[in-house]
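Data block below; observations after.
A, B, C and D are the chain letters, set down in written order, and residue numbers restart from 1 in every chain.
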Amino acid sequence: MQHLVDIVLLGLLMITGFAIVRMRSLLAVTMLTSIYSLFSALLFVVLDAVDVALTEAAIGAGISTILLLATVALTTEYEKVPSHRSLLPLLVVTLTGAALIYGTLDMPHYGDPNAPVHRHVAPDYIEDTPEEIGVPNVVTSVLASYRGYDTLGEVTVIFTAGVGVLALLGVHLRKRTEQPSDYHKLVVLRVIAKLFFPLILLFALYVLFHGDYGPGGGFQAGVIFATGFVLYALTHGLGNAERVIPPALLGILAAAGVLLYSAVGIEGMLLGGKFLEYNVLADDPVSGQHLGILLIETGVGITVAAVILIIYFGFVSRRPGGADAQDPS
Amino acid sequence: MLLSNLPALQVVVPLVSAPICLLLRRPGHAWACALTVSWAVLVMAVLLLRQVALEGTVSYPLGAWATPWGIEYRIDMLAALVILVIAIIGAVVMPYARRSVMQELDDEHIGAFYTCYLLCLTGLLGIVVTGDAFNLFVFLEISSLSSYVLISLGRDRRALTAAFQYLVMGTIGATFILIGVGLMYMMTGTLNMADLAQRLPAVDDTRTVRVAFAFVTVGVSIKLALFPLHIWLPNAYIYAPSVVSIFLAATATKVGVYVLLRLFFTVFGVQFSFDDMHVGDIIMWLAIAAVLTGSLVAIFQDNLKRMLAYSSVAQIGYIVLGIALATGAGVSAGIIYLFNHALIKGALFMALGGIMLRLGSVELRDLHGLLRQMPWTVAAIIAGGLSLIGVPLTAGFISKWYLVAAALEGGLWPLAFIVLASSLLTVIYVWRIVEATCFRAAGDERPGVREAPLSMLLPTWLLIALNLYIGVDAEVLTGLADTAAAALVGEALP
Amino acid sequence: MYAIATILILVAIAVGLVRAFRGPTLFDRVMAGNMIGTLTVLLVAVLGFMNGRPEFLDIALVYVLISFISTIAVLRVYVSRHDHADTD
Amino acid sequence: MSTLLGHYNYWIVIVLMMTGFYTVIARPNLVKKIIGLFIFQTSVFILFISMAKVEGGTAPIIEEGYSLYSNPLPHVLILTAIVVGLATTALGLALVVRIQEAYGTTNEDDIHVQDETD
């Protein structure tokens, strides 16, 4: 059964991919991209990668789609027909693809339990996690502890994106009174959004603190948290959303998350351990690990939520055609 | 405590200071923060080099997890040298940056600028220090993303398109590297480079590993702008703010070369890379093409930044040429070249930044007779140009000397000939600068154009002085480079 | 039982995809996208029960949220401006 | 036949990757290029996750009654890679918005024309 779902989903992905290349309406393409991402997230569920599925859906189908929509709204909606057709791209792609197919011929088969990836390094993570880290979710233990340094890099990457968007687009404050033109038509939506808003934030906290036991963690929580505010901004207007969480605060929060993460690492050094060694944080190693993981996941969540909001505000506070008066360039 | 954690601190200090820099509201404070950190990084780099020279390769397990389960920092002589290059450039460019950035950027962007600079520094250092293939990808992305932002902050609108083009190509390169790392992981089950080196020989006759090798090589070649994947480079250097041109030209591509060395010699091993995959032959031809086309195109450029950018493409060709020889002498020559070229290009772009500040243009026709008004800056350009050509008593001579010697040692006298011939091409474009600035009368008056400020002139001349010093006394550098090269080439021998 | 449900959901997704491709109006695509989102949630739930680990229903919750918000986003951004059919 | 089944996943994934790659290098519209990058990267994620799958295994969250788990390491790597992908997409789109403001177009060919005539 799993195989069937796997095969069908891959087929659907392929069809969607071809449609994305062919279609010229960027709006339609954006929605297909969202569907593409949703399908791949489904595939991740089938392939046992529940954490990844959660993230891909929230990032790919959620945030990326919204960013794409905002960009299409600020630029053109229809892609022009290329003025010249060249065979070179097709040639490059065919060669690259052929090389990859050639490379698959000696690969271990899909799902083979004796493949090298399942024999070296990884089995020890599964075996040692219960006693060394003491959390059931092995993905969390590897992410936050064994390869915690990669995750620090990941937070830095998203922080970089935040700074970049801040520098490129800036976040200009909107007046509260500046409401969407059809504000009065949105009563139902506003009521629902207001009801949902606290629930979404609560759910984000659940995902954050439940990440040790089930799919989830700081990153996913941050995205969900930000999504709640995006919903609020969509229904109540940007000015109101910026009053709830001022853009100036967002920059500080984004930096604070990275600092919290690195502070945990440096604390490990100060206590005589290595950078990011959690064992020394508490009297017994396992509770040290728990504490360390909790703190860094919180740091990740703060930065991710703040940066996604910076990015969102940055995009939606631009006016079509670049009529942003404050911008000198 | 401090010394034993040196490898981690080398990267963590700039990383932590980046968010702090964003929090500092005033542009001056952000600059001070970046300056302090750059010098701290230089001090650490020197200490680290000393440690490596005394004790040999340093390994640092992050999170105290044993390899290959955790991520390892591994610093050998090569890594220590490349860190030193990055640190020197960073430390010299920061005092220089204040004036240049103040003039070229709006106040509101200055905080973000220094934050991105620190992030870029973090990324570049992280790439060099790490002993983990995936961690390399992560830090590569930190440095790339921050450099896209830095480039896009240039005044000209073409900075935006240059940054976009770099973003697209850079991301393709990074994704290729990711695919390659994935395939390597698939065949070995590990991501640690030392562990990979041990486990790859058992599977290196599989088609999967061969494809993995090809993909990582192509991915890295995009990053280091090896011909013909260099098309992102000229525009990125030209339209970026001056400080960014200096920093990226002197460090980013060098780190790309470092990754290539790591890959060929440490991870896959000389035998697989050069005997089985014949990568030496391929990159040698590409390098020759880069040297010739880069120099030729540079001759016809009227914009000095563009001229130097194409010259960079050629110089990268020389460095890769050394690597392609795959002998101890060749690799050593490549490393020396890498080090010296960073100093030369850094100095040259710095001098251009000074001209940009006073003149607002680096078009050749606007520079006529500039020697009178900016004698020190023009002298710096000429000194740097001589070094670029490879005139004796400059660092450029040392690097070319070793390269030619390595080529002759390998019995490749046509190669030596090409190096000499292309140096003649370099003479031509350097002469064009000399002619314009010294022997042409200024067409129209340039009132108010005077020597670049001391804060910019001193760093420029510091690099030039370093250049001349190496030209006279290169023993320390060549000694270290020989050690590094011997370790690389010898490591893979049975 | 679960198997049959899975197959039916997959068929429904494929049908929805056809509408998303063909359009012709924006509303058709929004509708199709929303429908695929809902079906995805169902599929995650069914797969969870089929594999005996229904505690992963958290994922389904996130999908609901995402599907809800992206539909609103599309409509908020475009509907006020687009009342005519777009043709491909 | 076993080669076919054993490699089905990988082959389709390669087709997907190339779809994205083609979109990046062949399409002049900048937004479309970013979408192409997105597809390219997402497909590479599927490649990694496919290699993590163990036949008959379950999600790597330890629980009584299960002994065979899929490989958690690629999951971790891809979580990181997804974030990197988002960062790239966001920056790329921000650049597109600025390019639109500066040039009035997001078509690569038109931008070249404008740059030439400058």
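One rule holds for everything that comes next: a contact is a pair of C-beta atoms (placed from the backbone, for glycine too) under 8 Å apart; a residue touches a chain by one contact, two chains touch by 3 or more.
The structure presented is a predicted model; accordingly, all values stated were derived computationally and were not measured.
Note on interfaces C-D and A-B: more C-beta pairs are in contact across A-B.
The geometric centre of chain A is 20 Å away from that of chain C, both derived from CA atoms. Between chain A and chain B the centroid-to-centroid distance comes to 31 Å (mean Cα coordinates, whole Å). Note on chain placement: the centre of chain A and the centre of chain D lie 13 Å apart, centres being C-alpha means. Across the assembly, chain A contributes residues 50, 70, 100, 104-105, 107, 115, 117-118, 121-122, 125, 147, 150, 153-154, 157, 160-161, 164, 168, 214-215, 329 that each touch 2 or more other chains.
Listed for chain D are residues 17, 21, 25, 30, 51, 58-59, 63, 73-74, 77, 80, 84, 87-88, 91, 95-96, 98, 102, each touching two or more other chains.
Residues of chain B in contact with two or more other chains: 134, 138, 141, 145, 148-149, 152, 157, 179, 185-186, 191. In terms of which chains touch, the assembly is arranged in some other way, matching none of the line, ring, star or all-to-all patterns. Within the complex formed with chain A, the residues of chain C that make contact are 2-3, 6-7, 10, 13-14, 17, 20-21, 23, 26, 29-30, 33, 36-37, 40, 43-44, 47, 50-51, 55-56, 58-59, 61-63, 65-70, 72-74, 76-78, 80, 86, 88. Of all the residues in chain D, the ones that touch chain A in their complex are 2-3, 5-23, 25-32, 34-35, 38-39, 42-43, 45-46, 49-63, 68-80, 82-91, 93-98, 100-102, 104-107, 109-110. Those residues of chain A that touch chain D in the complex are listed here as 6-7, 10-11, 13-14, 17-18, 20-21, 26, 29-30, 33, 36-37, 40, 43-44, 47-52, 55-56, 59-60, 63-64, 67-68, 70-72, 74-76, 79-80, 82-84, 86, 89-90, 92-94, 96-97, 100-101, 104-105, 107, 109-113, 115, 117-118, 121-122, 125-126, 129-130, 136-139, 142-143, 147, 150-151, 153-154, 157-158, 160-161, 164-165, 168-169, 213-215, 219, 304, 311, 314-315, 318, 321-322, 324, 327, 329.
By the touch criterion given at the top, residues 51-53, 56 of chain C touch chain D in their complex. Only residues 134, 137-138, 141, 145, 148-149, 152, 157-158, 160-161, 163-164, 167-168, 171-172, 174-175, 178-179, 182, 185-186, 191 of chain B touch chain D when the two sit together in their complex.
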